[in-house]
Structures are given as C-alpha cells and as structure tokens.
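Structure, as structure tokens:
Note that the chains take the letters A, B and C in the order they are written out, and that residue 1 is the start of every chain.
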Amino acid sequence: MFMKKTLGAMALTGALAFAGSAVAQDTIKIGVSYPTPTHAWAAGMNWHAEQAEKRLEKLYPDVDLILVNSPDPGAQASALEDLVSVHQIDALVVLPFESEPLTDPVLNVKKSGAWITVVDRGLSQPGIEDLYVAGNNPELGRVSAQYMKTRLKDGDNIVILRGIPTVIDNERFDAFMAEIEGSGINVLDHKHANWNRDDGFEVMQDFLSRFPDIDAVWAQDDDIAIGVVAALKQAGRDGDGMFVVGGAGMKETIKSIMDGDTLIPVDVLYPPAMIATAMDATVAAFKSNGPVAGRYILGATLITPENAANYYFPESPF
Amino acid sequence: MTRASEGMAGKSPRRVSIDLKTLGPAIALLLLCIIGFLLNPAFISEGNLTNLLTRSAFIGIIAVGATFVITAGGIDLSVGSMAAAIAGVMIIVMDNAVETLGSGVPTVLLGCGVAIILGIGAGWVNGALTTKGKIEAFIVTLGTMGIYRSLVTYFADGGTLSLNFEVRGTYRPVYYDSFLGLPFPVWVFIAVAICGWLLLNRTAFGRYCTAIGSNEAVAKYSAINVDRVKTLTYIIQGLCVSFATIIYVPRLGSASASTGVLWELEAIAAVIIGGTVLKGGYGRIGGTILGALILTTIGNILNFTDMISNYLNGTMQGLIIIVAVFLQRSDWKLGKSKKS
Amino acid sequence: MHAETSAPAAIIEAVNISKSFGPVPVLFSVSMDVRPGEVHALIGENGAGKSTLMKILSGFHDPTSGQIRLDGKPASLPPNGAAEKLGVVLIHQELNLAEQLTVEENVFLGRGMKKNGFLDRVAMRAAVQKHLDEIGLDILPTDRISSLTIAQKQMVEIVKAVSRNARILIMDEPTAVLTEEETLVFYRQVEKLKNSGVGIVFVSHKLNEVKAIADRVTILRDGQWIDTRPSQDLTPDMMAQMMVGRELSDLYPPMQEVDVDAEVVLAVDGLCTADVDSVSFSLRKGEILGFSGLIGAGRTAVFEAICGLAPIESGTIRLFGRDVGPMTVAEARNAGLAYLTKDRKEKGLLLNKKMQPNLTLFALPKFVKNFTIDRKAEEDALQRAIRRFDVRTLDPEITVGKLSGGNQQKLLLAKIMECDPKIVIIDEPTRGIDVGTKQQIYHFIAALAAEGVSVVVISSEMPEIIGICHRVIVMREGHITGVLTGDHINENEIMRYAAGLKREELH
C-alpha cells in the first residue's frame, strides 16, 4: 500500500516536471524583484506591480510574470539567483534595494542571457541594464521650486523639511536650491523629517516656534506634508495664503487637490507606478516591433486640480 | 553645589551622594534648557515649552512602564511596534464602528477600550513567554517586536491606516486641547508618572520588583511569586503603551509601519538616563521622567539652530545621552572633592 | 617577642603591622611569623582582622605601617596576587577557579607549558595527574571545574598552589564547606604539604580542627594581637575564651525537654522529589529537630520541597493536623512555616540593598496598610530586630553586602522571624560565622523552642547538632537512615548512619 502511494506520487511529480519544462519552452518568463513594502510608497509600488501582472498576463497568455519581494539586499541577491536557476527567466525587472551590493548579482543574471530592466535606483556599474526606468529626483526639486516662484514674491520666507539623509534627498534638495536661487525667496532653514508624518509634525512645530513669519513650506514628501499641515492647524497658522508642497503622489493628497484644498494646492509626482511602466516596456521588448532599450526618465509632473484625476488610484494603498 | 553642602551639614555623607544621583539628570536638563535659551530665546516661549511637554508625553508614559520592567530585571523591546499595532487596530475598529455607533464619543471610547485591552494582552504575552516559557526577555520581545511591526504593515497593506474624518473631529481635542493651560497629553503623563511613582516606591509590588531585579533567587526564597510579579511588570508596560497610543492617535489620525519606530530605544534611554540600573534592582520614576524630557529637549534644540549640520544630529544626541548618564554616575567624584 | 626558640627561621614575618581603611583602623600593631613546615592557625571572631592580615601577608593589601619580611629581609609584596611568584599563595574562601575550564587548564592558567610555541598539553596533563595522584584525588585533569564538588575544587586550588612551588599557603576557612570525610582528606593533604616544607596559614572557626592540625595558633581580637602559642598548650575552650575575651563555657544552652504529649505540628509521609526518596518524619511543638548527613544527602531538598521552593512528586504533608497539598512559598509562610537558607549571599539577602528592605521582604504583606507600605512600621521593625538579634553596625544605612558574615546571618534570622513562624527550618545556622555569634544563635534557637516554636536545624557541623537538638534524623542519598534520641545522639552514631554503615528500618 505504502509502496504504491509513493510510486504514484513519484509519477505525478515526474509528470509535473515534464509539464513545467514543456511550458518553459514557449512562455516568456519575466522576473520582477523589488524590496518588501515597509512604507506606503513601496506598498503602492507593490500594488501597481500586481495590477500590471494581472493586466499583462491577461493580454499575453504566453507571458509569465514572477513577482518576488525581499526584506534586505542579501535576500534580494538570493532571490535573483533563484529567478535564474529555478525559473530560468528571460527578462528581469529589478528595483535594487541598494546599488552597490546588487550590481554583481544583476550582472550574473545578465550573463545568463536575460534582458535586464532596472527601476528607480541605478546600479553602480554602467551598461548592465538594457532598459532603465526611473523617476526624476532633481526634476522633483526643480518643479517644486518653480511652483514656489509662481506663488511667492521677493522677500517671502519658506522652510524646507527634507527626507532621510540619502542621495535621493540630496538630489531633490540641491535642484530645489539651485532653482530658487536669485528669486529673492528666503530659505529660513532646512531639517530632516525622514519622510515621516510624526517627524514632519515635530520639526514643523519647532519651525513655527522659531520663525514668526513663514509664507510657505516645501515638505518634499506627502507623508511629511501631512505632519506639517497638522502642526500649522494646531498653531492656527494655516491661513493667510500659507501653502505646503509635498511630493510623490499619495492618493489622499491627490484627492484633496481634486477637491480644491488651498493648503496643499499641488503635488509633484514621483509615482510608485513606475514599476508598471518598467514591466510594460519589458514585455514590449519581446512583443513590440519598436526598439525599447535605453533610458526612460519619467517626468516629475506637477499635479494640479485640473489634471489630478489622471493620477488618482483609489484602490492603491498609496 | 550649595544644596549638596547643605545636605552634608545635615546628614551623613551617604545622603549627599544620593542627592547628587537624583540631581544628575535634573542638572543635565537645566543645562540643556540654558543652552536652548542662549541659542534662541524663542526656546522658552510658552508655545515651545507646551510642545516640548506634549511631545515628551509619548516616550515618557512608555518609559514609566519600562522603568518597572527594567527594575525587575527584564527588558521590553516591543513597545514601539506594540504602539504601532495598537494604533492600527484602534483606527480599524473606530472606522468600522462609525456605521453602528456614529462618529461621536462612543466610537472613540470603544477605540480606547480596545487599545487598553490590547495593551494588557500584549504585555501579558511578553510576560508569560518570559516567565512560563522561560525564554530570555530580550529574545521574547525582539520576537514580538517583529510580529507587531509586521502586523501593522499587514493591516495597512504596507501603507497608512487613516482614521475616519468625522471621528477625528471628535477625537482631536484629546491631543490638541488644554486644561488649566496644559494640554491633555501632559495631564495623562503627569497622572501616569504619579501612579508609577506610588506603585514603585510605596507599595509591596514596587518593593518586589526591586527585589527580583536585585536577586531573583532571594526574591523566590522570600515568598515572592516571581513569575507573577514579572508578568505584571510587562502588563503595566503594555498598559502604558496603550495610554501613549490613546493620546498619539488623535495627533495625526493615522498609523503606518513607521509609527513608533525606535520608541523602545528612546524609552530605554530615558529610563537609564534617569538613573535606573539597566541590569535591574534599582528604579527611579522621577529620573525616567527627566530622562524623557531630556531626550525630547535635545531634538527640540537641534531644530532650533542651524549651527550644527543636520547630518550630526545623531552625534549630538548620543553625546548628550552619554554626558547625562555620566553626570548621574559620577556622583562619587563630587562627594570626594567635598571631603577634602 | 614571643617565639625566640630554636625553631627554624621564618619564611615570612609580619612585624608590627597596622592597617586602616580610610579613618577606620582594623589592625593594631599585629605580629606573626610562619616557619617552613608548620601549620599556623589564625583565629578570632568575625571582624577581628583575620582576613585583613591574610591579605597583607599575601600582598593584596599594603600595611599602613609595619613591615613584611621575607626570608628575614624586608620586602614589599607585589599587589593583586603577583606575590605568588615569591611563593606566597592565598586561597580565597570564594574559590578562584574558572568554572568553565578544565582542571588542567586552571592549574596552568596564565603560564602554560610550551613546546615549539604551542601549549604542551601532554606534559601539562601528566604534571597535573601526578599532583592529583599525590593528593589521592579521584578526578581527571580533563574534568570541568563546574562538574566538581566544592571539596574537589578546594583540592584543585591546592594543586594549583603546589604546582606553583608555593612556600607559604594561606587558606581562608578551607574546611567551612567540607564534609567530615572531605575534611579528613584535606587534613592528609595538609600533612603532606607540611612534610615538604610548606608553611601553611589557615583561618578556621572550628576550634577542634585547629587543635587537631595546627602547630601554632595566633589569636586576634578586635584588630589586636592577643597571643601566639603552640597548639598543645591550648584547649578549644581556651581558644574560644581568648577570641571573645569572656567565658564561653555555655556555648550550647541548657536543653529543655519537649513535652512528650506536645502536639505534632508537622507530619511528613512518603515525601518524594527529584532528590528525595520516601521521607517520613514528624515534628512536635517546641522541638528542636536536627537533620544530619553528608552534603548532598537530600536534607535541604526535603525542606525546600515542603516549603514550596521545589516541586513535590508524591507524599503527604500534615501541618497542624491538616492535610496540605503542595504549597507556594507564600502559602507556607502564611501557614507559619519558614525556611532559612544556608546560602545567605545568593538566596538569603539582597546584598546591594540596605538592611531595612531586606528585613521586611519576607513578611512584607504584614507591613502593607491601605495598599502602601507602612514605612514607620518598617523603621520600628528594624530597630526591634537590631536589638533582639544584636545586629552590630555603626551605620544602619549600610548595604548588607558590607556587613560581616555573623551580622548577615543575624539579619537573615531576623528577616525570617519577622513573619512570626510556628515552624522554622534553619539550614546551616552558623556556617562561616564566629564563635561568639554562634553562641548567640544557639541560645536564640533554644529560646524559640522554649516559646513553643518548632525548629528544624540542618547542619553539617556535628557538635552543634549534638549540642542543641532534641532529636536527630540522619539522611543519606535521599533517604532517612536513622533517627537518634537522647544518649544515642553522638558523633559516632551519626557518622555511621550518615556514611551508610548502619541503617534503621523505620517503618
């Protein structure tokens, strides 16, 4: 009895293995690897990736997308190895946890002959990827500053709440400062609020105690902006044309822009949906007759009440 | 200095060193406030002082609970995650209760009740695993830290949980309104501190915590139910986390995976700055409160100046924590110089 | 000077040594010398300055004034045990072995034999084995220290000292924790060392032992040198008198017989635990019941189980005629049953706390009024306890760890008595304390019994079991092997039961 069962199981496994390899022959397998979502923006990215997976697999029955998320760079490197050895992928879409530690693992995937699409964070060695899809950090700072200049005049005061001290934060901040220079707008001070609502609230409270005259706030990020708005309301300094510019494109923020909020009148896009763009383009590399390889830098669109509806995804967690 | 020598005249030299031990964190806080004022006179504006006190309330309340756990020789690393998880569940419960209970006070009370039950439950889990499960507190709470943190991520789908807008309106005054010039969170902080002080210094339970932290075997041989007392310290810790969460949620009306990150370390730092001994056996609630105020004041002062590079904030915080503890531990030095 | 005979020249001499700790003088111009091949006992009450003198002799302390002479020449001993290189070795009461290392590794710790730059394990093992054989110690060089008994550890300390060519071996109460059997082994070892020319200084509170093995005896009292005499000129009684400076004829109090009809307050039947096998006995009101036996015979285990400190596997316990199941420590306390541990430093007292919280810890519920501790009542209790138990300290705010052993023991006794127990179990009531305090404790136990409290005394010191107990139960390997009353309570009988030479069929 026992023997029979075991034999049966072995037969079944064999059959499955055969089926698996048979399918592998004619499907296009695309691995998609990104960090485990631990904050809202990444959760939004996760949601968009899942949406794109459903949509693309429905559109092309011979395309198989494999989504893998990893909690740290080491785990992501292992996941990449598995994608090659277990799934034998034909293409990889990867948002690296960190540039340096993942450059070699991605290079190894490349050596297996797979198409490589890198998203958002570049690798530390040029020329590995076939396609690069990214948001535009300096552009986010520049667009924000340009908007500030349209609203403020010579001698007005602003404060800046920055993110976590990283290259991304520096790119945004430096571009903002370069654009604002010469406009006559005073930057009173800038502090790190770590892309976090609580820190945004506390830093803004202290700015308000310290500076009696603030005309606008660049919060750089929608989470920080929420904290900033709470602090402004607490201090009763949310009137008199005061406004806050965040960034990223959080659905609540976009909704309030659609509703005509004056405190947060605009937002600057740094969309988590860029992963979907990357997946679309990668599939296109197999399906389209047009060339795809190259660098694809998304614009940092200014979201205003007029165009907000295009960027509103009520189902997404972000 | 004058106070110390008065003490000297009145009592034996031992008294002096004890006074200095108590004074250490107070001196550190006073120095910080003077520095703050010199950097920017707006530091002592009523608005800023109120902000400071209110902000200290979260860490302070949690640190009062941590004082019990640490005094009894334990450690709880899960408090920050616990706060995030409780805040998350509170928001989910209140959002779902709007349909049946409306957006008024009953919904808010329901949320608070849920928070308290969850806090007690989470504390009990930590305590029971430590005592009955005989696993080191460090490992147990490291585990629950990860569990609670990932639970809130899961509840929020990786994003942010937001409180219903109308409920927020009802609940908002709990954080933003004042009574006799002090915001409600500060009153909660004061109440928790007084209860904590009485419990630790005036009751048999407090004495048992100290005895267990000092030597568990002696406590056992002295007819103390060691497991029960230790479990209770974790339950008190959980309850304190509930109180902190109840005043935290109305501030921004949201909870996410980044809520309460590193609160456990801030709470532990506040406890140690305050003079409680990390290996247990000696606890000071008053010191803990000063410790919490010191930590908040450091952050506040750094926001008040652009003299120090933003990138060095961590350095300043680390230095001040070490100096504060040094002031408190080096009482023997002052005592000696007085003798000669 | 006293000892100007034809004896061989002293290896080490302390000449007019005085020592103060800060403003507190502890030794006043004390002199002592140790000759090769002699056993020199140093006796005195706790706090008499014995430990300080030993530490000065071994370089751990510097004398405030006076001189140390080594081989007749003034010497300044290097600190922190470096005097070992000069052949002066101190063996602490708290043994100084690395628990997780092996015997061999401990013996050669810090000075391993090397060959070609590597530790020569074979040679070291052989050297250690040779020493172990000499002593007749049945352990392997590869045994871990943590797996040895205290006596074996002590022997390892001695091996370690011998292997370092010690000329002077200073031992702080070496036999305090040894059983009678182990003590005999220890005596043999001392004899061997003596014959090889080593000078031995040892501290002991066991005056019979001093009489038995010492050649000369130096007596200290309150930091003063009292006398140095050959031991054949002294009797234990004389030594005791010189130590305390008063008559000690009544070390043991007169015994009051127990009423034969007295109520049975505790009856244990068929008690089994992990270390105890089917133990049955009973205790009457006002009785002092001794529990004798070798270390590890299960005496402590019996009472830890009864008092809720260890789990019970089976058996019944009747307390004041009422069947009680397994109790928690608090339930036992509330029922009037209190256990005083033999390990006062690890299980009895919070050494880093003051006397007051220690005193009231066991009976704390008694001090709770309106949910808070009545601090006035605590204060009163401390004053009462200091008077009743004669706890001697200048500073009531002192941490308990700084009290002398005798005062710690009195405080522990006071702590247990604070809950007014009807039955007290005192485990090793006088371990490591001086004769004066011993006498006080014996009288206290007798007084308790006279008041109607029942006392169980667990002791490895036979004279005290014989001196104060109405009845003696002897245990061996978890069993009761004999119950002795009246004239049968003597060392011979107890030893025979304890060693398993004789066994009573009890039921």
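Keep in mind that, in the parts below, contacts are C-beta pairs under 8 Å (C-beta built on N, C-alpha and C of every residue); 3 or more make two chains touch, one makes a residue touch a chain.
Predicted model, so just to flag it, every value in this text is computed and none were measured.
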Chain whose average C-alpha position is farthest from chain B's own: C
Per-chain Cα centre nearest the global Cα centre, belonging to chain: B
Geometric centre distance via CA averages, chain C-chain A, whole Å: 72
Chain centre separation (chain A, chain B; CA means) in Å: 35
Whole-Å gap separating chain B and chain C, where each centre is the average of the chain's CA atoms: 46
Complex contacts: residues of chain B adjacent to chain C: 12, 14, 198, 202-204, 207-208, 210-211, 214-215, 217-225, 281-282
Contact set on chain B toward chain A in their complex: 40, 42-43, 45, 47-48, 51, 55, 153, 156-160, 162, 176, 251-252, 254, 256-259, 299-300, 302-304, 306, 310-311, 313
Chain B-facing residues of chain A, complex: 37-40, 42-44, 46-47, 162, 165, 189-192, 196-198, 201-203, 205-210, 223, 226-227, 230, 234-235, 252, 317-318
Complex contact set, residues of chain C against chain B: 309, 328-330, 332-333, 339, 341, 346-353, 357, 361-362, 364-365, 367-368, 371-373, 395, 397, 415
